[in-house]
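Just so it is clear, A, B and C label the chains in written order, and each chain counts residues from 1 on its own.
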Amino acid sequence: MNGRARNIIIGLDGVPYELLKDLSDSGVMPNVGALIQKGTFRKMSSSIPEVSSVAWSSIITGANPAEHGIFGFTDIPPNTYRLSFPNFDNLKVTPFWEKDNNSKHVLLNIPATYPARKVNGVLISGFVALDLEKAVYPEDLIPNLAEIDYKIDVDSEKAHRSLELFIKDLNRTNEARIAAYRHLWVKEWDTFMLVFTGTDRLMHFLWDAYEDEGHKHNADFKNFFKRIDESIGEILSRVDDSDNVIILSDHGFEKLEMDVYVNTVLIKGGMLKLKEGAASNYSNIDHGTKAFALDPARIYINLKDKYPRGSVDPKDKKSVIHDIIRRFENLLFEGTKVIRNIYKKEEVYRGRFMDMAPDIVLVGNKGFNLKASLASGEIFSKGVFTGKHSQHNAFILINKKELINIPEYPSVSDVIGIINSLNGGGQWKANSTTENVPAGTARP
Amino acid sequence: MDSLKFIIVGHVDHGKSTLIGRLLYDTDSLPHDRIEEIRRKTGDRNGEREFAYLLDHLEEERQQGITIDTTQVFFKTNVRQYVIIDAPGHVEFVKNMVTGASQAEAAILIIDAAEGVKEQTKRHAYILSILGISQVIVVINKMDLVGYGQDRFNEVRDDILRFLGSIGIRPISSIPISAKNGENVVRVSKKMKWHKGPVLVKSLDLLKSRIISEDKPLLLPIQDVYKMDDKRISVGRIETGNLAVGNRVKILPSGQITEICSIEYYLQKKKRAFAGESIGIVTRDSVFLNRGDIVCEAEKEPVFTDNFSANIFWLTKEDFRKDERLTIRCATQETSCKIIRIGRRMDSSSLEVIEEDACILKNLEVGEVVIETKKPIAIKDYNDVQELGRFVFARDNDICAGGIITNSRGKV
Amino acid sequence: MNYLDKLENQSIFIIREAYAQFRNVAMLWSIGKDSTTLLWLVRKAFFGKIPFPVVHLDTSYKFNEIYEFRERYAKEWGLNLIVGRNEEALSLKMGPEKGKFECCTMLKTDALKKVIEKYKFKALYLAIRRDEHGIRAKERIFSPRDEDFEWDYKNQPPELWDQYKTKTRTEEHIRVHPLLGWREIDIWEYIKREKLPIVSLYYSKRGLRYRSIGCACCCNPVKSNADTVDKIINELKTSRISERSGRAQDKESAYIMQKLRSLGYM
């Protein structure tokens, strides 16, 4: 792509618009602050549901979940109750780099791109990548990565045992990521995409440290973002004004007040039945079940002919959906409404894979973290996490001003189109076959 | 039933997993319910599609297995049970392959008939030789791609035999096969009638398990000594030969001669024990054995020396520099040592000599060296007795190199 | 020597090797089939008199049958039994309802840490098998753990020709795995051959049996009519490959689930 502008895309997983603004204003992130002054900074809506695998799949394809086929970290294939884990192989449409084979791409740590596959350039998969050996293309980079102790992800289990250990590992993982970016930067490329995922991990466990100045890990929290800002500054110093720099997140974050167990609501309402005395997992869904949920809050109607012990006749589907919606509309916690939005699938998804889509998706009100676990027993409880994903407040920040083709409140599936317009169009067609559809990324 | 562990090595695309699949399938080592399931899914019983389906499954498992250092696969013939140690073929993970291969009693070296001998083929073969896996079967696979032609087979075979000869491996047999079509793996091929040797499984059945070492003179390295009700029981594993109550034995390094008073087992009485058995012994006289002592037969004792030649394989990222002292461990013996000469320093895949009379060894390099130990130890040439012919070096308590003794009589 | 003989002799060799290297060792006995097999091998290695303690981590949620078995054989076999309990956590009513992961961490991992701290063990025998889990295929026979119990599996020293990692830095301990190369079926064949006593939960009652046992609250029985060792062996044989392949998938899934759970995504 000689002479053409390069695209540098930096992902900050889970970072909300407001937090980025706050840390820029307060001087923790001066480089980002300067870029906000100089460029275009917008709030962006995430996918529905607002989880990384879905949102990043939308970002790299421009498609909505019913087109790209990724609806969450988990799935249950028809005719089974077997939990499966969709990965990059299950992505039904091609990501931008596979449509643009004439350019060279360096793709570092994009979630949901595991296992790695051939690319004109370099691909190092992000979360959930199991093994580095299957996460790296081309393979001959593995020794270099091993050399710098590259790790795909922080070991989050540590956080359950010791926050100190977790922070140590988080920083170590992040430093290795920075080392990897430096190593790859000197290669030949037209697009360089790098996602920092430590931000999301940090906010899950230490959102309280961000909000509370007196928290003993407040400085750790800020230092992490400071380090991210330094890396961004370093990258900005290595690009020209003509290059496009796009910094963005896949979803937002906010304080977690209460975990809410969607399946427990269904169980208590008599709509979900598990086999007597058996383990609480999906394979033990029993006859008489009308609906079940997958994480975080995707509800599937247990239709006859679709599932082994399907119990809902297609002609009754509508009334079952109606019943479920009523239940969740009225779900209160200490007088507060728990659910903000209830989407029927037709309202948010459109595409070839509508059949795979959940029938209903819930988005929680501020502070309510929706979960699907079958084993909770209680509808409301509180675990170790202090932060949760939010749907409405991801962000996008571009190093150019006065951009006409950017929606006032874009969604993650608009990103490809935005980059396209920065490039003067043409190169990266979004995969969306359906114009003007909320596209799994509804705006409230 | 007897059992034998072997490893399949060779270039990553030359058909390892197809061969594993073929061995399992044709030896009927899959249970019937699984076969039934495959049949239901493939909807025909002619075998071909069934096998292809099975392969897809195995390949998938193996792919997942890349996360794994070494795995084990089992199958059975009429003669014995086999354990295949499946080691992935990444150059970077030689350390793990060595760990896997060091447990193997034999190896199959697989080569693609169309592609012929590759770098990785040679590197793996060399590792076999350095690990002293002397029982090697060469299979030349994908014969279907070369029209089952004898000329091509001869060409590839001669090529590999030349290389193997140069590193001292004499394969037991060289077999033209098509793992995909099941030719010469278990079934005798009608398409390659020109091949007069055995099919692969026959050739495997002819291999020797380690147990054969019982014919050799006794070697019992002492692991530990336990005091139990006034008895001093010296424990260890018989590496070669056998031992009976009443035998007169010699103890190294002291050189004392004593008699075996009893062989100790828990809840068992035995008068004789064989190679491979972990036993305890009580000796007649008041001889005090210690860890690292070697119990052997007088007159047939191993070489007792502080100076010998060896080939070593450096397995750690930190270089070795010649002045450094290392810990050497051979069976249960342990002492400090120096490498007084690195005659040659070689690249492990090409066997190219990097340097003569070198002062340094780097990761994955091979050295022909002369070793001087602080105290004399009991050793054998590797070709004679593996168990006392191989050793490791440790640095800071971690193993950093493996080696085999090429000349126990010292300087070359 | 047949296959079981080879396994047995190799395990005894490893057990003695670790004791010779470290002396201050202990064995973890969960009282399940694997660790009871290991205990038997340890008894053989030391001619019936185990020269070190046997540790049972007691979460207080174990099946009654397990406690009965423990009391009976600790006495019969003359074991120096250490029962590791995290009394502090138990007094704060830690239990699976507070989160299974937290419960396991507090009542098992932390209890073990306390035991190691108190007795300064340099090495611990564990009855893990390579075919249990994907990640376990990476295990070495002597496997170091640092002070946080972390296992750096990417940087393990090689292990060849029965030569294992030796002494430890003071802050680490070594996990010793004499059963690493055994399969589930080998364990059962050995139990049969040696006529080992096994907790009755493994045998089918009313069409159900346990394949692995632990805390009563977190174990689920499988459908089975196998009420004798022979029948269990037969059951494992007829389902061997299917089960292995099932597990291959489960291994990967289990790993993903662990990752997702640790982030609260499941």
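The rule is simple: a residue touches a chain if its C-beta (ideal position, glycine included) is under 8 Å from a C-beta of that chain, and two chains touch if they have at least 3 such contacts.
Please read all numbers here as calculations on a predicted model, not as lab measurements.
Enquirer: Going by average Cα coordinates, which chain is farthest removed from chain A?
Expert: Greatest centre separation from chain A goes to chain B.
Enquirer: Per-chain Cα mean versus the mean over all protein Cα atoms: which chain has them closest together?
Expert: Chain closest to the assembly's C-alpha mean: C.
Enquirer: Measure off the straight-line distance from the CA centroid of chain B to the CA centroid of chain C, and report it in whole Å.
Expert: Roughly 29 Å separates the two chain centres.
Enquirer: If you average the Cα atoms of chain A and of chain C to get two centres, how far apart are those centres in Å?
Expert: Once rounded, the distance between the two centres reads 38 Å.
Enquirer: So how far apart, in whole Å, are chain A and chain B when each is placed at the average of its C-alpha atoms?
Expert: Taking the average C-alpha coordinate of chain A and of chain B, the gap between them is 48 Å.
Enquirer: Please list all residues of chain B that touch 2 or more other chains.
Expert: Chain B, residues with two or more chain partners: 67.
Enquirer: Using the touch rule from the top of the page, what residues of chain C touch 2 or more other chains?
Expert: In chain C, 252 touch at least two other chains.
Enquirer: Quick one: which residues in chain A touch 2 or more of the other chains?
Expert: 130, 146 - these are the residues of chain A that touch more than one other chain.
Enquirer: In their shared complex, at which residues does chain C touch chain A?
Expert: 97, 99, 101-102, 105, 109, 148, 154, 220, 252-253, 255-256, 258-260, 262-266
Enquirer: What part of chain C is in contact with chain B in the complex they form?
Expert: 1-3, 5-6, 9-10, 12-13, 16-17, 19-20, 43-49, 51, 130-131, 134, 137-138, 140, 157-161, 163, 165-168, 181, 183, 237-242, 245, 248-249, 251-252
Enquirer: Show which residues of chain B lie in contact with chain C when the two form their complex.
Expert: 1-3, 30-34, 37, 57, 61, 64-65, 67-72, 74, 81, 95-96, 98-99, 102, 131, 211, 223-224, 226, 228, 233, 235-237, 264-267, 274, 276-278, 280, 291, 315-316, 329, 332, 390-392, 394, 397-400, 402
Enquirer: Which of the residues in chain A come into contact with chain C in the complex?
Expert: 51, 73-74, 83-85, 127-128, 130, 146, 153, 155-157, 159-162, 165, 201, 204, 278-279, 295-296, 369, 371-373, 377, 383-385
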